[in-house]
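Each chain carries a letter (A, B, C, D, E and F) given by its place in the written order, and its residues are counted from 1.
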Amino acid sequence: MWKYEKKLEYPVNITKKDLKMAKAMLAQYGGPDSELSAALRYLNQRYKMPDEKGFALLTDIGTEEIAHWEMIATIALQLMKGATIEELKANGLEGVYAQHDRSLFPTDANGVPFTTAYIESTGDFWGDLESDMAAEQRARATYEHLINLTNDPDVIAPLSFLRQREVVHYNRFKELRDYYLTKYDKDSYD
Amino acid sequence: MWKYEKKLEYPVNITKKDLKMAKAMLAQYGGPDSELSAALRYLNQRYKMPDEKGFALLTDIGTEEIAHWEMIATIALQLMKGATIEELKANGLEGVYAQHDRSLFPTDANGVPFTTAYIESTGDFWGDLESDMAAEQRARATYEHLINLTNDPDVIAPLSFLRQREVVHYNRFKELRDYYLTKYDKDSYD
Amino acid sequence: MWKYEKKLEYPVNITKKDLKMAKAMLAQYGGPDSELSAALRYLNQRYKMPDEKGFALLTDIGTEEIAHWEMIATIALQLMKGATIEELKANGLEGVYAQHDRSLFPTDANGVPFTTAYIESTGDFWGDLESDMAAEQRARATYEHLINLTNDPDVIAPLSFLRQREVVHYNRFKELRDYYLTKYDKDSYD
Amino acid sequence: MWKYEKKLEYPVNITKKDLKMAKAMLAQYGGPDSELSAALRYLNQRYKMPDEKGFALLTDIGTEEIAHWEMIATIALQLMKGATIEELKANGLEGVYAQHDRSLFPTDANGVPFTTAYIESTGDFWGDLESDMAAEQRARATYEHLINLTNDPDVIAPLSFLRQREVVHYNRFKELRDYYLTKYDKDSYD
Amino acid sequence: MWKYEKKLEYPVNITKKDLKMAKAMLAQYGGPDSELSAALRYLNQRYKMPDEKGFALLTDIGTEEIAHWEMIATIALQLMKGATIEELKANGLEGVYAQHDRSLFPTDANGVPFTTAYIESTGDFWGDLESDMAAEQRARATYEHLINLTNDPDVIAPLSFLRQREVVHYNRFKELRDYYLTKYDKDSYD
Amino acid sequence: MWKYEKKLEYPVNITKKDLKMAKAMLAQYGGPDSELSAALRYLNQRYKMPDEKGFALLTDIGTEEIAHWEMIATIALQLMKGATIEELKANGLEGVYAQHDRSLFPTDANGVPFTTAYIESTGDFWGDLESDMAAEQRARATYEHLINLTNDPDVIAPLSFLRQREVVHYNRFKELRDYYLTKYDKDSYD
């Protein structure tokens, strides 16, 4: 079970409205390589890791991804804050407004609802951990795209933090994969 | 952000294999009225509650629903534990096995991937809180169906606990709705 | 079975083109809380209402929702009437045009095809009627958003009529729920 | 707008439970070539027929398809009537029961929610009417498959009626297509 | 099996950037009536044609549609080539960029992932071939819409070629249908 | 463009009907880690590989995956050949039959239509090639599950061939990734 602590993993203080950026942020809120995908992927896979070490790592990273999802929500909402109807229309968000007012909804950046078709679970540690490494690379690339879309240092700071965490996660998943390949003598196919 | 505590909200100790029941449990793992729907619905909506009281309640219940999701995973995995290929086939699970071995995947009980099309977010507290009350009623009904599908007291005990939590949540959402209707003088339409 | 009567439930006479508004109207044509969702939800659920009174009410409202769906189609088409290719492009509708010319298609306001994942059916009258009440609240909120997106009195008039009908439906569903709670002595959980 | 008349287009009186057949019937309730697809396809396309004759035909057939959808619901429910939990399990319906009790839900026969991705609307009468003719052929084939799945004359009778209606609709769409090809001198491509 | 030949079926040499047109091209890359739909529809159906003649035709056209899919990719990429971040934003493509940089992804023109819900397979040659004829008509209409969206002769040339191929395919499917109707004496329903 | 050669990459000669196995084979026909996913993933990504070497490898493997898709179709159809209605029902395939007779349809093993939500394209070679390596590992695991589901040597032979090809592809993607990491001096993050 989980305990909520009322603070963000990294502070978010954005004061400049940017509706196009808010829309792009949905890539990480409900898109294919979003923090939501990441959280559900690891929390779902963890039961089939071959030992407690794997269970613990996937639980740990999965839990952190929920905290990242919360940061993404905060960034997107601060970027939208105080948007007028006219501003929403000028940025092509009349449809989003019609359905959700200025609330968030877990879709990708095109408005497509999130689906677990984005995540993987094979019950095979090698298949799963390679998938996790790949997912972290895609999430890193997504953060780089998002950083390219803005000049606002208040947005760049948390995005850079999040990008860096993906690099750390990639390396931790890689270490675990390598550890298991050795432990289970799978360094070559048979 | 969240902290993981390595224990279940309510203990799960199932020793009798029941593959049909494991499959039915997916209704609560990735189905329309699942614990996953519930967690994402409340954690997503909380930012648009009109005050801190609402934010806190939705965070609190949303966090508890992730813990319920974890209980559901544990129940489903214990029900499948040790299943042979022949048993999987005899229960129509050859397709699930082909795709995921004996690991879990967040689909509904028919194998359809979870989608956030199941959840709601209007940015209108009345619309959202009625939706939350309704979701709790549907989750309660789903638990009653699941309880009807088994005779195993080790399965019934956690399911009864979870059903009871839905009743509690329904009442808490209802109190919050009523509090806001009074506070914002919305007891009648205009 | 149904008989078609060639008139709208409420007249629609829009002469001012507004492509952004046409796009936003799709929220009610094929979106999560659309008239299409409403019609299918009630016509599907009606068979499991516990008595003829419930069957009749859900049939009645479900039938009216199809008529509302027809009104929405008429509004959206009148708002698009005579749009040139350049106007479509200027409003980001080049993709819609490529796939459908100026015809309608039952998607949400972002272009996502309608799915019955948006509707509910538990076979439990309490779960279903609360879901119906919540759906009417969300539809009401959606109409309020749509009204906020336009200044054209010819658009506002039918939208206000439709919003008002949702309020009426909410109250009728609430009365039925309360009647059943008393009739079946379900005023408290057991 | 529509008026409901409380009778079926063709009587349905099934007394023999057949859960496998009930499940197969979902092909016509929420499947790709279902009566629901048909109704929404024609009612959506009708606005772009080039004249009143086309509008009237598509409205007429679309309205009849809603009545067929109602017949399908009635057939499926009568086939499921009185099913025990054990019978549901023996027919692989434990998942359907968990989510919906014995109520219907608009999915295909595998449990996949209905989507308007199944229907077509090009704004081009030739494209649309050929699509309608093709849809009627697929619906006819589906009814033939359903008839092959049962020996119960009480089920076969309404299914044969419905199959026959598809043949009639195919011919009416074909006549309209041919009429327009002549009227608009489109008998050859340019 | 297939052999790749490194040339396009028809040359594509576009030098003028047009991001709105690139987005509209997705209608043919991953939309309902796209070349991808066409390829998968025919290659999937071919096994159930009643004789070798049908198998060969569907294989032949299906294989050509993959080559058309490759042409569409080339057109879309050339239309996007060298797009700056500011240009992407000005055309509402910030979300596409966030998720995919300037790479392609098989979605429709609204960003909805491709699904085989768009294709048909009844195992009935009449149903299938009418569906194929209808699909070619819809693809023809889509190409006409795309041609209407541009003035660039370098874009119009390959689109006109592709439109013309749909007309040829329509006629070849029609001939096969008519041949089978005679061969199997199905010129009238029974 | 592609040329079809009328032979399979590896011979398939199955004479023993096995409907459960046919259903499980759909995992590779239209499932998340299917040959269809693989073909579309590589053919879509190839345009953004940084040089001709990458384009050629992805085209090559993508083309081979279409040939594998064809083998999967052949295996599944041979496993279903001659199935009676009673046999289809006994294996829970009455729904598949209702919708498709005994033809194939690109769904996963639970009947869920294929979607490109299963594939990835980031425009970042590292992200894409890690995703491709992971996809090959998942496909390998899927083949191992399928092999576990049968004792028929005529089924095992082509499945073992296909599993082996995934291993080869994994290594080729890995070599390409390593080559690019060196070439572009990306052996560490910055």
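The rule we apply is simple: a residue touches a chain if its C-beta (ideal position, glycine included) is under 8 Å from a C-beta of that chain, and two chains touch if they have at least 3 such contacts.
Values in this document were obtained by computation on a predicted structure and should not be read as measured data.
Visitor: Using the contact definition given at the top, which chains are in touch with both chain A and chain B?
Guide: C, F
Visitor: Quick one: compare the interface residues of chain E with those of chain F and tell me same or different, with half as the dividing line.
Guide: same
Visitor: Going by average Cα coordinates, which chain is farthest removed from chain E?
Guide: Farthest from chain E by mean C-alpha position: B.
Visitor: Compared with chain F, which chain's mean CA position is the farthest off?
Guide: C
Visitor: Tell me, please, which of E-F, A-B or A-C gives a repeat of the C-E interface, judged by over half of the contact pairs matching in residue number.
Guide: Interface equivalent to C-E: A-C.
Visitor: Using Cα averages as centroids, what's the distance between chain A and chain F in whole Å?
Guide: The mean C-alpha positions of chain A and chain F differ by 27 Å.
Visitor: Measure off the straight-line distance from the CA centroid of chain C to the CA centroid of chain D, and report it in whole Å.
Guide: Using C-alpha averages as centres, the distance is 22 Å.
Visitor: In whole angstrom, how far does the Cα centroid of chain B sit from the Cα centroid of chain D?
Guide: Roughly 33 Å separates the two chain centres.
Visitor: So which stretches of chain E touch two or more other chains?
Guide: 32-33, 92, 99, 101, 107, 110-113, 115, 117, 122-124, 141-142
Visitor: Every touching chain pair, please?
Guide: Pairs satisfying the touch definition: A-B, A-C, A-E, A-F, B-C, B-D, B-F, C-D, C-E, D-E, D-F, E-F.
Visitor: Inside the complex, what are the residues of chain D that reach chain E?
Guide: For this pair, the touching residues of chain D are 32-33, 115, 117-118, 120, 122-124, 126-127, 130-131, 133-134, 137-138, 140-142, 144, 167, 189.
Visitor: Going by the contact rule at the top, pick out the chain B residues touching chain A in the complex.
Guide: It comes out as residues 1-9, 30, 36, 40, 43-45, 47-48, 59-60, 63-64, 66-67, 69-70, 73, 77, 99-107, 113-117, 119, 121-124.
Visitor: In their complex, what parts of chain E are in touch with chain A?
Guide: That would be residues 85, 89, 92, 94-99, 101, 107, 110-113 of chain E.
Visitor: Considering only the defined contacts, which chain C positions touch chain A in the complex?
Guide: The touching residues are 20-21, 23-27, 31-33, 92, 108-112, 141-142, 145-146, 148-149.
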